[in-house]
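Here come two complexes built around chain A, the first alongside chain B, the second alongside chain C.
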Partner chain A sequence: MRTSYTQVFGFTALIVAIQILTMVTNSSYHLTQLTMTAYYSLLIIGLCMLIGYAGQISLGHAGFFCIGGYVTAFFTTHDLSSHKANPVIALLAKAGILIVRPDLYGGDLLTVHPWAACVVAMLTALGVAWFVGGPVLKLKGHYLAMATLGFGTIVYRIVLGTTFLGAADGISDVPPFRVLPGIEISGNASVRVINYYFAWGLVTAGVLLLLNLIHSRAGRALAAIHGAEDAADAMGIPTARYKLNTFVLSAVFAALAGVLLTHYNGGIGPSEASVMKSVRYVAIVAIGGMANLWGSLFMSLILNYLSLRGYFGTYDDAVFGCILILIMLFAPEGLIRRSILRDLRRLVSGGGVEETGS
Partner chain B sequence: MNIDLFFQYIVAGITYGTIYAIVAIGFNIIYNSTGIINFAQGEFVMLGGMTAVTFHTFLPLPVAITAAVFVTTIVGALIEVLFIRWLYKPSVLRMIIITIGISILIRETALHIWGEGVRALPYFSGTSVSALNIGGVFVSPQVLWVVSIGAIVVAFLNVFFNYTMLGRQMRACSANRDAARLCGINAKNVVTFSFMLSAAIGALGGSIVSPITYVQYDSGTPLAIKGFTVAILGGLGNSTAAVAAGMILGVLESFTIAVLPAAYKDVIAIVILLGILFIRPSGIFGSTEAARLKEF
Partner chain C sequence: MSLLSVRDLSKRFGGLQAVENVSFIVPHGAIKALIGPNGAGKTTLFNLISGVLRPDSGSITFDGRIVQGLRPHQIAARGIARTFQHIRLFPKMTALENIMIGRYLHSRAGFISGMLNLPFTRREQKTVAAKSREMMEFLGITDLADAEATSLAYGQQRIVELGRALACEPKLLLLDEPAAGLNMRETVEMCALIGRIRGLGITVFLVEHDMSLVMNISDEVLVLSYGQKIADDKPLAIQKNTEVIKVYLGEDNAAN
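And now, the complex of A and B:
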């Protein structure tokens, strides 16, 4: 566990260093993309847990991201003032779940409180993941990949074809999310630094949670499942339950990322649910080394940032396609793990570290 | 729903079913020789349609389609030689990710070559409004082209796999690769050939349906998902059953459009896919025991 704390410390130092660098060079506008990167990273670490540690591929995580984003966007923008007379609505308003906020034209909107919407969004993702995950995770290999791809496509088609979700335009004008007094998630330039730290703090907390999980009984069970599922089953590990729990956990991470990024951007569109997004997340986990949380997080920081800043231009998707192919052809264990970690470990321990089977 | 409309939906379903079946057969050919699901299968169809449209600007239609099939076959061979041939016992996860990467590369290349525009070949005979009246049902001549070429492809494949040396070598490899190699069959070349054959069939399919369905740089992925649904529905690896399964999906889909908004059309295929995967992954025509022996 000691090493993981040094890693956490190093990572925090990196985040602080980046912020100081942008402050010194007077280029704090970079922090906007870096904050968005943080929310995508939240999804990445959850997916890394599922692909790398539980060994189950998912090509549908953009779907969970969108469930989170769209649910919160819908509830925080849907005006309920015309239903004020309805006793249920009145009760919710009295309980503080609904809030009144001014709209663009000076009128009043009655919408769901972001906190309540966030909880509903995550519960929805949890429910969907649990419902879908049960049968899907019984599948293996190609079937699992196709089934999750199918799930992602269904979400994409639904958000694209449903008018109250804005169809091709998505939902915009999502209000800021006041998480705690003083911390407001919005794209407003005045709260950029606090948002940056909040987002990365959340990612760090997520990593810590997952690291603890990996080093616990559950983590060892997952490692056994990844290694040889039948053997793990024979040892008495409830493989189906562990796989499902990991799937649900990663879906909730994705949904939380969706909720927060939607508030940060002030809107969400159907492109967030596209298959290409899911593939991109898998690409980042793959290049980070599959079963390597820090590697995935680091690659997510670099690649998402470069992509969001538009460095790849019109070749954005092509870049991720190339990365996928090159990594899988030449370094299926991932870039970070292969070149640095294992060699270092081999040097330190003096003996050969066993190759993990591909 | 009156009886004429009913048959009209059937005809539409069969048209789409044919193309799904062609994609599914492409999946099966590669699956049989390698055990890989080629996620780039839909891209072959798109590539065939796109190149045929481009060639048709300066070549007569039959020559343009032949050239498009030829180009796509070369692409299929290149993919196998560059990305798959030299891998030693790759894991399933690795192969999935590589073929997905390939499909992205083909799609993005198509986007940069042809742009986002929707293209189509002209109708092979007649125009988009001409129709043959067959017993009260109006059938576009292109539908007859699609169905008959589809039937020829299936017949050709049956002859090929049963009566030619190369076809029998491919079947030997899919039954038992090591034994086939002991008999002197070059298994690696067989795999290359299966990619070429699968690409050629996909490209031919893409060319013949493009007047009806149109083709765009990103039309490959939905076709791949539906083709896979059909391949699963018929039982993975079984090409004759894939034709029947293609018809089933096509007809089901065309009837759901009558009930549900067209925006949800793709959702139906995927719901069927998920349903089949959950309930009977061996397919409706496949045997459960055989499926259990396969490696997924």
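And now, the complex of A and C:
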């Protein structure tokens, strides 16, 4: 059960090896896309927990990502200096929740501190997930997929149609986020390496937390719900609450990813909320093997990186659509799994792939 | 003194009156059997008691408290555990892990403490595993602990499912056809096992078609036909009850 620590060690070694490789080959600009990949991976592992372990689909996680990103972007860029006289604003400024920083033209901006914005963003995502998840998770299968798809579409239309969220342009000029002394999340080339390590460190921490969860009482309860919901109910497991908790947890992971990537990129646009993004996330979890945290993480690393480097060109969305179809048809248990050699052998020897269903 | 008391319970599915004004009690420490022809409403009655279905009318009192209308997991928390007519083990888990889920109600680690793997959750995990192994020992299936539960032989799956329900430490155990699909030797073993479960102080209420098992181990037998109670008596009296014989064998046999 505790082999997970050696896996974490191996993964860390991989991350370090990639960085050294880019350093040796003098191509550290790759780290930018790899850092963005890390933030998307943060969303992926949360979604993997929801889809693979709790057995609940969501085609709306780009929505939660955007809630995180947009809330942060709005609060850290919205200038409050004209409201300085307002006692509430003055109090917040005194408490350090608002900060003064210079804008591009040398003037002063009064905006919300990134830490405060981050907390508000994650609480918003938590609240929305809780509010939406309650009724929606009563649905099963296709109906749940459609309802979450509807949620994703609503978020997309809202960010696209709201003027103060920048409509089709999104929000830009989001300031760097000094998370800890010496660690500043920004796309600045001078802090590229530290950002790369911070992002992947966060993903590793997330994986560790989720691995612990999977092997805990709550994780076993989730597996029970996934396997035989009526029997789980009969064992005293409050199935509805467990599904909702996992949904909220995965939404918070998505929102955190949205917050950090928005600071890293210095902005966010409505394309991040598009349904194709949600489909892409589900496709990555599927190709990673659903109930396979490492598999999903590994596929996320490869596919997001290739996509962000532009290897798929204009076929970007089509590639992920195809992946989803092919995986569902030929390898419903994903590509990354132990029995893969056996399946290959069976395929070569002429037998079809066994219907495993899910 | 009764552990479970059911009064005037009714449940209708569209035009079908599945259970109609059924009243009975299950005494503390008893083994009570529920029999009746196919479609008599036995499983419906079980599902009403365990909260899977909500009754249209009537009341269910368990351990002095009204339980109808509660959700299944709440009823489980009150001390009613069950097995299923069609075995419902958790797939992709070992037999031991299945039984560990039965300890759910007797442990408390939540999402946050589980993610952080706090010391108390690790201790609790050990206790849960130890208790589950004890249960496997009681059932004599220690050697199956690490086998995938759903890949076991049918009879073994029944025992694992029973162990999972027992791990809940229920006051009342509902067994839905515990001997279905078992061969004669296994049925005899199941009989003995149910007797030992009663020895633990657990009250048993079971649905069963195997009459040798029912008549052997039950203290009382409740007979349903078309959703109505037609008899509720000691096994010997049930065997002589003309109404019951009529339902099972037809008019002519009852007359003789």
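Assume the second predicted complex is superposed on the first by the 337 of 358 C-alpha atoms of A that agree within 3 Å, B and C clash if a C-alpha of one lies under 4 Å from a C-alpha of the other, contacts with A are read in each partner's own complex, and residues count from 1 in each chain.
The definition used in the following text is that contacts are C-beta pairs under 8 Å (C-beta built on N, C-alpha and C of every residue); 3 or more make two chains touch, one makes a residue touch a chain.
Keep in mind that what you see is a predicted model, and the values were worked out from it rather than measured.
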Tell me which partner A:Met36 touches in the superposition: chain B (first), chain C (second), both or neither. neither
Taking the superposition as given, does A:Ile185 touch the first partner, chain B, the second, chain C, both, or neither? neither
As a test of reading the superposition: which chain, chain B or chain C, is in touch with more residues of chain A? B
Please work out whether A:Leu209 is in contact with chain B alone, chain C alone, both, or neither, and reply first, second, both or neither. second
After lining up the shared chain so the two structures overlap, which partner does A:Phe151 touch, if you call chain B first and chain C second: first, second, both or neither? first
Could you tell me if A:Tyr143 is touching chain B, chain C, both of them or neither one (first, second, both, neither)? first
Classify the contacts of A:Val282 with the two partner chains as first (chain B alone), second (chain C alone), both, or neither. first
In the superposed arrangement, does A:Tyr315 touch chain B (first), chain C (second), both or neither? first
Per the contact definition, I'd like the list of chain C residues that touch chain A in the complex. 50, 52, 71-73, 76-77, 81-82, 84, 88-93, 97, 100-102, 104-105, 107-111, 113-117, 121, 124-125, 128, 164-165, 168
Per the touch rule, the chain B residues reaching chain A in their complex are 37, 39, 83, 87, 90-94, 96-98, 100-105, 107-109, 112, 221-222, 225, 228, 232, 261, 263-264, 266-267, 270-271, 273-274, 277-278, 281, 295-296
Footprint of chain C on chain A - complex, ascending: 209-210, 212-213, 216-221, 223-224, 227-228, 230-239, 245, 249
Can you list the chain A residues touching chain B in their complex? 55, 57, 59, 135-136, 138-143, 145-147, 149-151, 153-154, 157-158, 160-161, 275-276, 279, 282-283, 286, 314-315, 317-318, 320-325, 328-329, 332, 357-358
